[in-house]
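One chain, subunit A, links the two complexes that follow: it is found with subunit B in the first and with subunit C in the second.
Coming up: the complex of A and B.
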């Protein structure tokens, strides 16, 4: 009996090797996701040491989220922070990527620079935020420096003004992630057929023309991928503003992101409200993922 | 066959990897069994992953549950103490007669072994841990139950107002035993039915510490009694702030310095019948502080931030800090060269109103099997005159014993510290040789803390956060108050406003 099946029964190993992923996925992703949705329909929190609920309340948690209306403010904050971070980041990365992958420029020490620009990403976000918190505090080194060169006469409260606080957060995120984006874009650029560049060179195209007419259009799928992943990451922005503003989202919650708002509900272990908020976030993220599916799918058909 | 053996080995290794990864989740055993039947061809290998998993499970359990690590051989004689730092442990080690230290988290009293469960306060971790364990208290084995835990004033009622905390009367401690304790220390841990549920060995009455050099420069004197005239009530205090501002000094480092002085003198609770209520004295803090900030007489830094701490040194140009003895003794850089404290440059005066800051209370957990021992620890540490005098002399604590403190304040009781040749009156080097004890005592006598609620911690934190926006001009008073209400309701969903 064994002899018979030996020839064809290799496929079971395929399933066995899939098992680790499936198990981890089900236990850590799928089950929590469904319990989150389930929890969002209940009133369920701790008041001191007393458990309130769980009582089924239907869509009340969602209703109160929308009635308070703050969720739109936090969504706006999150998106503003993302745009402030993403625009400079993509420009910087495109520029660096184009330089690094340009065979005519043939930059020296590429390996060194590629490592250096990736380094900020290796620092823990919390450590990075603490560093910036100290640097930009009212009596910190940046203020002393600016006062010494006579640029300002009074310390500027970086973390007490919406503009500078948001700017700082965007700047830190940009600094942390542009190396990663550069490497992704560079990979995309190096994948472009060099004969195209050579042909354009023969035709006498300037490097600006090459960049806008050849590199950029052919880079579109990678660009879209970078944009969507960055957007999803941006929606989940948490660690940097949380630590920089000590969880308050000051000034006046102008730096409060959606996940920081979610975190606020953890104090009372308010699983109902936190669940409802998570489900909303999930819907937004899922919609965006659908977009990337559509776009990359279209691209394949053309190719 | 070799190939087959290899693949069985590989998959077995992989599965044991998964199981090790996700410990005691209920879904994994089912997965194991199916995987095992699959891989059962070579039966010598199969028991291994299961054994692996079992071993991993137990070790994970043991690591997750720190309380369970006491040896069972001790006939159930285990005293579990929950706290957030080393302070109480040090006091017990140094002053409780029968305590012998074993290692950093274990000790013995007679044949009872003491287990210290120390979780730092950061990010509410101590309370989260304590809550989780207390909720399981009824089902826990006798040796695993919490016997004693420590709390702070800001959240005392959260625990005191539940059945998880034992009335001290049930331990056999009478009111007569506690007659020398300061009333406010009892107010903090008295529940809504008037039952006393905890005790403290220390009092933390606060005073105003001012820089003697600045005082001499601006007011021409550094005598505490004269300086008191400049800060005797809030109106005078604010006028003095203007004088100091003209001389180039901030009256205090931040508006948050005076918050406790106002908030300890309220006449209503933060929450009444589920509705958030802001006391008049707290609104007075808002108005006074806004004026000071607008006039440039003080800053808006958070307590403990670098900017706040700058005034510990003369260059910080700060006139005064509000605080109890421990602040000036241990937290104001007194052992750093060049600081005001290092040079004995602080003076102490009572300030506009009495207040307290900090302090630790001992509670007995319901369900403890060590009631007798807890009673003894409480009585020795919080009522015994000799032990408490010893604490003052050795640790510079302000103890919760009026007899001891009065004797030390009046100079009737002399002290002799290690390395000193003769007895002398209790004085503080940091305060330039002043004996501040009488001031602390005066401050503590007038304190009325009947208006505590179990929401104080969240309300105080969020109020200061929200008002910072108003002080800095990022919001109107109404907007800042709205933000405060919103934040409090996020923390305590059952409240309304």
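Coming up: the complex of A and C.
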């Protein structure tokens, strides 16, 4: 009896320690989220110097978002950029992860390689894109290098072709994230029971067979986790294309992403449209998060 | 004999596979480092030298470029200072209060725990961008535009850091220890500060670095809040550099500015890389 009341007395501290988190979360996240949803039902923008609204317009913002059609283009851009970045990234990460965790292969200098491949993840994305912008500009070092070695005879306009501009963005993102993915997958691979590998070795399986028949199936939950977090991250793609194209999404809006579109509305103070777009993005991320929650939920509770 | 036999059977021999692995790793490392090497080289070259093409060797104009940049129109020192303040304070607040939140969930049993813990896990994935609209309206109403407060205080509620701390506590903070502290008459707040925090040092260090770096690199939110030139952080200045008519620019200065934003993080990373890479793996085991 006494013990219980003592525990209760301590347990009020649980609430006290939670207070800062909850307060700040409510003020800076939860209330803004409701304001965002609320704003999405109002017409509220600047037309020249005149303020229009706020007037309640119901779902009109959502309607015009879809009717104007820009959102489809930007969704497609975002997804194309994500796929261009994710596919090479996952292949590379699986390969490197398998090599790093392969005890028979016994690679030396692993710490060096891991340090190097994780490095780009910590680089300021805006500075990195500014760097690529200068390096790949028409008169920049990459063009002069390619011309010096005789690979091309005149500068290639990397940023004026949709293909190469998208390629550059995807390449930069891939470079920034494959190290992180490799480490995640490797942690998963290390967690696989080594007796499985030993047994397959006794049975005379080749390393390719081991990879496809044992490693890959057992990695499935982590792979799904990696893929969905990457997709959520991909939907947030902003810094790199924003800086690389100076916010224009050029050439021909082929690199304009959803968050760049949102940013545009926020800067022009078109709050209604920004709200509707935010709510859509919120619903998509929430749905994707639920999938992760389902996939890894059991693991988490196990702790 | 047995191992010879095995190697024959296994398609590619272990040596061939090793050579392939090293080759690929070296190419990839080159792809990771090449850009920073070029950045360093170009930061040491004058505008004239930069126009004349690519060379793999540094020149001697680093300090000239740096002086030109500092005396130019871009408030570089302010930017550095602002970035340091925002990232530093965010990191401190974030790790302290995330540890506190994790401790609340880890060490106590209270009625709402069953509701709050899953709730924090649910909101972990929500990107800040989707609430940015409400956020800037709130900042407007609080008259906090051009203030660092809305960029620092929200670090208190960081679900990802919280989750990492919670995982770490499960593996290395036995509840019996807290029990023992209670018997010795240590108050709960005192226990947290004097016993729990020191035990969490490794996790705190890793997360402090991550929070610092992500705030240092953050462009989206600060760009919406900070408009006054002297208040801007480095990423915003970089964006400004990009938006300027850059052909008129002294390219040497542009490279020095980029190097100035990138290299401090690289240096700190190289010193602490072992802990950082380990930390990533640690946090990932359970996703």
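Definition applied: the second predicted complex is superposed on the first by the 279 of 303 C-alpha atoms of A that agree within 3 Å, B and C clash if a C-alpha of one lies under 4 Å from a C-alpha of the other, contacts with A are read in each partner's own complex, and residues count from 1 in each chain.
Throughout what follows, contacts are C-beta pairs under 8 Å (C-beta built on N, C-alpha and C of every residue); 3 or more make two chains touch, one makes a residue touch a chain.
Note that this is a predicted model, so its numbers are computed, not measured.
**Q** Check the residue A:160 against both partner chains and state whether it touches subunit B (first), subunit C (second), both, or neither.
**A** Touch status of A:160: first partner only.
**Q** Kindly classify A:200 by the partners it touches after superposition: subunit B alone (first), subunit C alone (second), both, or neither?
**A** After superposing on A, A:200 lies clear of both subunit B and subunit C.
**Q** Once the structures are superposed on A, label A:24 by its partner contacts, choosing first (subunit B), second (subunit C), both or neither.
**A** Both subunit B and subunit C are touched by A:24.
**Q** One more residue to check, A:175. First (subunit B), second (subunit C), both or neither?
**A** second
**Q** Go through the superposed model and pick first if A:13 touches only subunit B, second if only subunit C, both, or neither.
**A** A:13: touches subunit B and subunit C.
**Q** Just checking: does A:122 make contact with subunit B only, subunit C only, both, or neither of them? Give me first, second, both or neither.
**A** A:122 contacts subunit C only, not subunit B.
**Q** Given the superposition on chain A, which partner contacts more residues in subunit A: subunit B or subunit C?
**A** Residues of subunit A touched, subunit B against subunit C: more for C.
**Q** Going by the contact rule set out at the top, does A:251 touch subunit B (first), subunit C (second), both, or neither?
**A** first
**Q** Check whether A:139 is in contact with subunit B, with subunit C, with both or with neither, and answer first, second, both or neither.
**A** A:139: touches subunit B and subunit C.
**Q** Determine, under the contact definition given at the top, whether A:49 touches first (subunit B), second (subunit C), both, or neither.
**A** Once the two structures are laid over each other on A, A:49 reaches subunit B alone.
**Q** Which residues of subunit A are in contact with subunit B in one complex and with subunit C in the other?
**A** Shared contact residues on subunit A (touching subunit B in one complex, subunit C in the other): 12-13, 16-17, 20, 24, 27-28, 31, 134, 139, 246, 267.
**Q** Using the touch definition up top, name the residues of subunit B that touch subunit A in the complex.
**A** Within the complex, subunit B touches subunit A at residues 7, 11, 14-15, 17-18, 21-22, 25, 27-28, 31, 35, 38-39, 124, 131, 134-135, 158-159, 161-162, 164, 299-302, 305-307, 310, 454, 458, 465, 468-469, 472, 474-475, 479-480, 483, 486-487, 490-494.
**Q** Under the definition above, what is the set of subunit A residues touching subunit C in their complex?
**A** Spelled out, the residues of subunit A in touch with subunit C are 7, 10-18, 20-22, 24-25, 27-29, 31-36, 39, 92, 95-96, 99, 104-105, 107, 111, 113-120, 122-128, 130-135, 139, 141-142, 144-145, 147-148, 175, 179-180, 183-184, 186-188, 191, 201, 204, 206-208, 222, 225, 229, 232, 235-236, 238-239, 242-243, 246-247, 259, 262-263, 266-267, 271, 274-275, 278-279, 281-282, 285-286, 288-289, 292-293, 296, 299-300, 303.
**Q** So in the complex, which bits of subunit A are touching subunit B?
**A** Residue list for subunit A touching subunit B: 12-13, 16-17, 19-20, 23-24, 26-28, 31, 45-50, 52, 68, 70, 134, 137-140, 157, 160-162, 246, 248, 250-253, 264-265, 267-268, 270, 273.
**Q** If you look only at subunit C, which of its residues touch subunit A in the complex?
**A** 6, 9-12, 14, 17-18, 21-22, 24-25, 28-29, 31-33, 35, 38-39, 42, 50-51, 53-54, 97-98, 100-101, 103-105, 107-110, 112-113, 116, 120-127, 129-138, 150, 153-154, 156-157, 162, 167, 170, 182, 188-189, 192, 213, 216-217, 219-220, 224, 234-235, 238-239, 241-243, 246, 251, 254-255, 258, 261-262, 265-266, 269-270, 273-274, 276-277, 280-281, 284-287
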